[in-house]
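Structures for review follow.
First chain A sits with chain B, and in the next complex the same chain sits with chain C.
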Partner chain A sequence: MELNELTIHELLDRLRAGETSSAEITASVFGRIDAVEKEVHAYITLMRETALAEAEAADERIRKGEMGALTGIPIALKDIFCTKGVRTTCGSRILENFVPPYDATVVTKLRAAGAVFTGKTNMDEFAMGSSTENSFFGATRNPWDRDRIPGGSSGGSAAAVAADECIAALGSDTGGSIRQPAALCGVVGLKPTYGRISRFGLVAFASSLDQIGPFTKDVEDCAILMNVLAGYDPRESTSVPEEVPDYRRFLSQGIESWKVGIPKEYFIAGIDPEVEAAVRRAIRVVEGAGAKCIEVSLPHTEYCLAVYYIVAPAEASSNLARYDGVKYGFRSGEGRDLLEMYKKTRAAGFGAEVKRRIMIGTYALSSGYYDAYYKKASQVRGLIKRDFDEAFTKCDVILTPTTPTPAFRIGEKTDDPMQMYLSDILTISTNLAGIPGISVPCGFTAAGLPVGVQFLAGHFQEGRLLQFASAYEKHAQIEKRRPTL
Partner chain B sequence: MEKIKISKDEVTHVAHLARLEFGEAETEKFTAQLNGILRYMDKLNEVDTNGVEPVTHAIARKNAFREDAVNASLPPEASLANAPESRGGCFLVPKVIE
Partner chain C sequence: MEFEPVIGLEIHAQLLTDAKIFCGCSAKFGAAPNTHTCPVCLGMPGVLPVLNRKVVEFMLRMALATNCRINPECSFARKNYFYPDLPKGYQISQYAAPPAEHGWVEVEIHGGKKRIGITRIHMEEDAGKLMHDERNPVSMVDLNRTGVPLIEIVSEPDIRSAEEAAAYLRRLHETLVYLGICDGNMEEGSFRCDANVSLRPRGTEPFGTRAELKNMNSFRNVQRALEYEIKRQQYVLEGGGEVVQETRLWDDTAGVTQSMRGKEEAHDYRYFPDPDLVPVVIDDAWIEEVRKTLPELPLEKRERFVRDYQLSAYDAGVLTTSRALADYYEEVVKLSGQPKIAANWVMGDILRFLNEDKKDIRECPIAPSSLAGMIRLIQEGAISGKMAKEVVEAMYKTGKTPQAIIEEQGLVQITDEEALAKTIAEVIGKNPVQVEQYRAGREKVFGFFVGQAMKATQGKANPQLINDLLKKMLAPDT
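What follows is the complex of A and B.
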């Protein structure tokens, strides 16, 4: 196997044993990027020169015996995280030339742990989308079938991990933007509890739903990254001062006599039969590992999509008011006065989906409609959260499909926003309730497309979630395949 | 004929509130799409929410105070570095008043 195909823990073992160097690993990753990036288009900006320098510095530290948690490991960042001195576009024309003067907290933490940054990955503009087709910089392609989407909004990060164009990556998840592309690209993706990871320096989309998380090649790597990323940040007032356990400690614990909730509302009409079959196999696997599956009910599931597409656009319409052509980003030269400048800048700077959501959000918050839309949605959100609270009194984790279908074709849903929104129908409840969720590969369709199974747990139960996911991974023994690129 | 939730004029008004502007064809397209999306939202009226407290944050922290101490902040040059136009340490915008 090539170095770029290995996991974080395999590479750390080799680095510790002196069998390879970060310079070799990083060169291997960029070799792969040079070979396949034209076909995949996972990245918006590559950081080749700084990566090679960071790799040399990592090797120097390893020689001195100063090995950190991620020393010398090449990691990709969704282009939504501020990186000091490296442009951060959020997939938008309006930020095409924005060069942040500071690092996001997660970037600072990865840097301190010794990571090497390969580049900034492609995404739907402002993380609004489920296919990465809404990027101003062009669509990313699914490494398993280049006629298909990789999922979104963190499609570039998922594709980069699946195509071995990095060892692991970071994404953000507002309604499924980590778990959905992880499932469609056949990698592991975790959305932690709201507040578990600092959002400082994450370009805001919907602040009560946004959460940062890792894309990895296996569950152990996910735990390794969570150990680095989780924790309170005084610069982020919604980050939670809850103790951070050593997530790796949970991995080999087993799931004997755990109760697994299977919500009947998640096995709905419209689920692709091959996806359902793969998830049903996953249920048998966890039963074989000693867990007991029971039916649970999340009765307000059918309202999640409507709640989400009021709450998220409402918050987005407020968050995106800052893009006004004054402080940073694109400015249209056409406006004769300030108001015209604002309108022409935003009309030319934002793409169609972002405008659509700003319009929905502005409408839902406007005088006369606030109670009917935003307040109503926030009340139903309370009921959705209560559904989960009640379900978790009966079970330890919940098991569902991550997505209703495997990866769809590029262009298939771009003209019908409602159809596109429906691809997130199984992931958005997690964000509304603020709980953690992980997608783990659970097989392939006959056409060779990956399928993901989603596990959910109560607030701050990432350790238990990783314990369950690693037990599933170990017992399922999903065939190791790589996309042919 | 399905119920009109939002008219073309309202779309133009909301666009103004959001500091956006659309051409004729775009307004038509957005009006049709927003009507479809808003009709879907009507589903929420099936739910009885009498007496249910709205949840705006799943994990709400109250009073996340910090010490009132001076910390490092961005120097003015760094704050202005991305501005489309600046002059004399200030952001420059088109004329606001005649």
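What follows is the complex of A and C.
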């Protein structure tokens, strides 16, 4: 196996043993990028030079015995995280040349842990989308079938991990933007509890829903990254001062006599039969590991999509007001006065989906409509959260499919926003409730497309969630395949 | 028909915290453009606000000083609108859940007292400043002020005249300054006032259509603008017309209000709870902690001055116009033991000197201890009141103690009875004609002798002593 195909924990073992160097690993990753990036287009910006320098520095530290939690490991960042001195586009023309003067908290943390940054990955513009087709920089392709989408909005990060163009990656998840592409690309993706990882420096889409999380090749790597990323940040008011356990400690433990809730509302009409079959197999796997599956009900599930498409666009319409051409980013040279400058800048700077959501959100917050839309949606959101609270009195974790279908074809849903929105139907509720969720590979379709199973747990139960996911991973023994590129 | 004005005021007061409301940048006024900024107050992508708790404390001081009810929990909302001085495209303010409500202040009007209700007080961030190049079609943005904390104080529509509005405004202004939470500078915009004005037929309940007045940057302008607007609306109504709901700008030079935007063009601010901030919990312990830091407020101080120092209401009012002046006065009283005489000196000479130099009491070169020392010297008869006038002027000019000045200028009053008796004997000896007149019963001539005696002593003699000696020495039996 090539170095770039290994996991974080495998590479850390080799680095510790002196069997390889970060420089070799990083060179191997960039070798792979050179070979396949043309086909995949996972990255918007590559950080080759700084990565190689960081690798050298990492090797120096390893020689001195100063090994951190991620020293020398090449990691990709979704282009939604501010990186000091490196342009951060958020997949948008309006930030095409924006270079932040500061690092996001997660970037600072990864840097402090010794990570090597490979580059900034492609995404749907401002994280609005489920296919990475809404990027100003062109679509990313699914490494398993380049005619298909990798999912989104963190499609670049998912594809980069699946194609071994990095060892692990960071994404952000507002309605499924980590878990859905993780499922469609056959990797592990975790969305932690809202407040668990600092959002400072994450370009905001919908502030009350956005959460950062890792893409990894296995569950153990996910726990390693969570150990670095989780924790209170005084720069973020919604960050929670909850103690961070050592997530790796949960991995070797079993799940015997755990209760697993199967929500009947999640095995809906329209779910792909091959996806359903793979998830049913996953249920048998966890039962085989000693867990007990019970049916639970999340009665307000049918309102999730509607609530999400009020709350998220409403917050986005306000969050994206700062892109006005005045201070940074793209500005249209035309326009005779201020108002015209605003209009032309935003008309040319934003793509169609972003504009659609800004309009939906502006409408939902307008005087006379606020009560009927935003306020009502916030109330229903409370009910959705309560559904989960009640369900978790009966079970330890909830198991659902991550996506209704495997990866769809590029262009298949671009003309039908509603069809596109439906691809997040199984992941959105998690964000509305603020609970953690993880997608783990659970098999392949006959056509060789990956399928993911989603596990959910109560607030701040990432440890238990990782324990369950690692037990599933161990017992399922999903065939190790690599995409042919 | 007789109309009655109904007025409500909205006050914005900039708070004197060291740091801005949602980031660590300095909130001080007057720095070079865009030097008090960071990614947070510049509204860069991905940044997040964190509330400065000092702002809550300052807000609480005003809320307690104006008898507001403090809500145990309040939250922040976004007020959305586009303008180049607003880098995020929204202002973080408070909307549905304000921290303080249902307060009041008392104002004195035509010798009586009137209570004006305060609807609410809330916290928010200030916007930046635009600077327009007068020669080129260029505007520049200074974001130093962006994120400087403000409190907004909204009154009930309890005000019935421009005069009442001015009295209310003064009361809030002096309270804010007394509390040490706002410098109260209207010209620099740290204390701003907007007004809602409508008229209704006297004796009726329903409010008329209101106009909102903006751009009044002094107490005088607020009063003038309201007087004008009341007359304007009266004219419209008496002519059978209707007042239009609109925002009007006060034009200081023209002395009129002019329509800025109508109801149709009014912004829809699309307020919604700011998801980046958590609710602020204000418990009783915090309220009590802040209450303990409250200074004596102007009204209480005024009443105490009248009661304890036997001052007139007017004098007490003058001496409490600022906390610094009141402190100065009280220090002089403490060191001299003479509240009334101290009041006369502070309100008379001291304030006159300061006004002439446009100086604040904090810049007064005469230390309270020096002024008290001088008052003691008068009381002891060491100097005359007339001499004291010169002494205090010299003290103001040089900053020296009264003793030093008296010595330098040889101003010591002659209190040596023997020496003075000798001088007076000489005066009597030189003016036999007047002595005769006095002894013949022409009392007026006594004044002539006082004058001559003062002249002979170059004004240094204790006048009381001169009087006594003259009376004794001019008596017919000597």
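Heads up, the rule we're going with is that the second predicted complex is superposed on the first by the 485 of 485 C-alpha atoms of A that agree within 3 Å, B and C clash if a C-alpha of one lies under 4 Å from a C-alpha of the other, contacts with A are read in each partner's own complex, and residues count from 1 in each chain.
Following the convention adopted for this analysis, a residue touches a chain if its C-beta (ideal position, glycine included) is under 8 Å from a C-beta of that chain, and two chains touch if they have at least 3 such contacts.
The model shown is predicted, which means the values in this text are computed figures rather than measured ones.
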{"item": "Chain B versus chain C as contact partner of A:P101, first or second or both or neither", "value": "both"}
{"item": "Chain B versus chain C as contact partner of A:L6, first or second or both or neither", "value": "neither"}
{"item": "Which superposed partner A:A159 touches (first chain B, second chain C, both, neither)", "value": "neither"}
{"item": "Comparison of chain B and chain C by chain A residues contacted", "value": "B"}
{"item": "Partner chain in contact with A:I224 - chain B first, chain C second, else both or neither", "value": "neither"}
{"item": "First (chain B), second (chain C), both or neither touched by A:F200", "value": "second"}
{"item": "Which of chain B and chain C A:M418 touches, first, second, both or neither", "value": "first"}
{"item": "Contacts of A:T362 with chain B and chain C, given as first, second, both or neither", "value": "both"}
{"item": "Touching partner for A:I410 - first (chain B), second (chain C), both, neither", "value": "neither"}
{"item": "Which of chain B and chain C A:A377 touches, first, second, both or neither", "value": "first"}
{"item": "Residues of chain A that lie at the interface with chain B and also at the interface with chain C", "value": "98, 101-102, 208, 234, 237-238, 317, 321, 324, 326-328, 338, 342, 362, 366"}
{"item": "Touching residues on chain A, where the partner in the complex is chain B", "value": "97-99, 101-102, 193-195, 208, 234, 237-238, 240, 300, 302-303, 305-307, 309-310, 317, 321, 324-331, 335-344, 346-347, 350, 355-356, 358-360, 362-363, 366, 373, 375-383, 385, 417-418, 432-435, 459"}
{"item": "Chain A-touching residues of chain B, taken from the complex the two chains share", "value": "6, 10-11, 14-22, 30, 33-34, 36-38, 40-41, 43-47, 49, 52-59, 61, 64, 66, 74, 78-79, 81-85, 91, 93-96"}
{"item": "Footprint of chain C on chain A - complex, ascending", "value": "80-82, 88, 90, 95, 98, 100-102, 104, 199-204, 206-208, 234-238, 314-315, 317-318, 320-322, 324, 326-328, 338, 342, 362, 365-367, 370, 374"}
{"item": "Chain C residues within the chain A interface of the complex", "value": "39, 42-51, 78, 80, 82, 84, 87-90, 141, 268, 270-272, 275-278"}
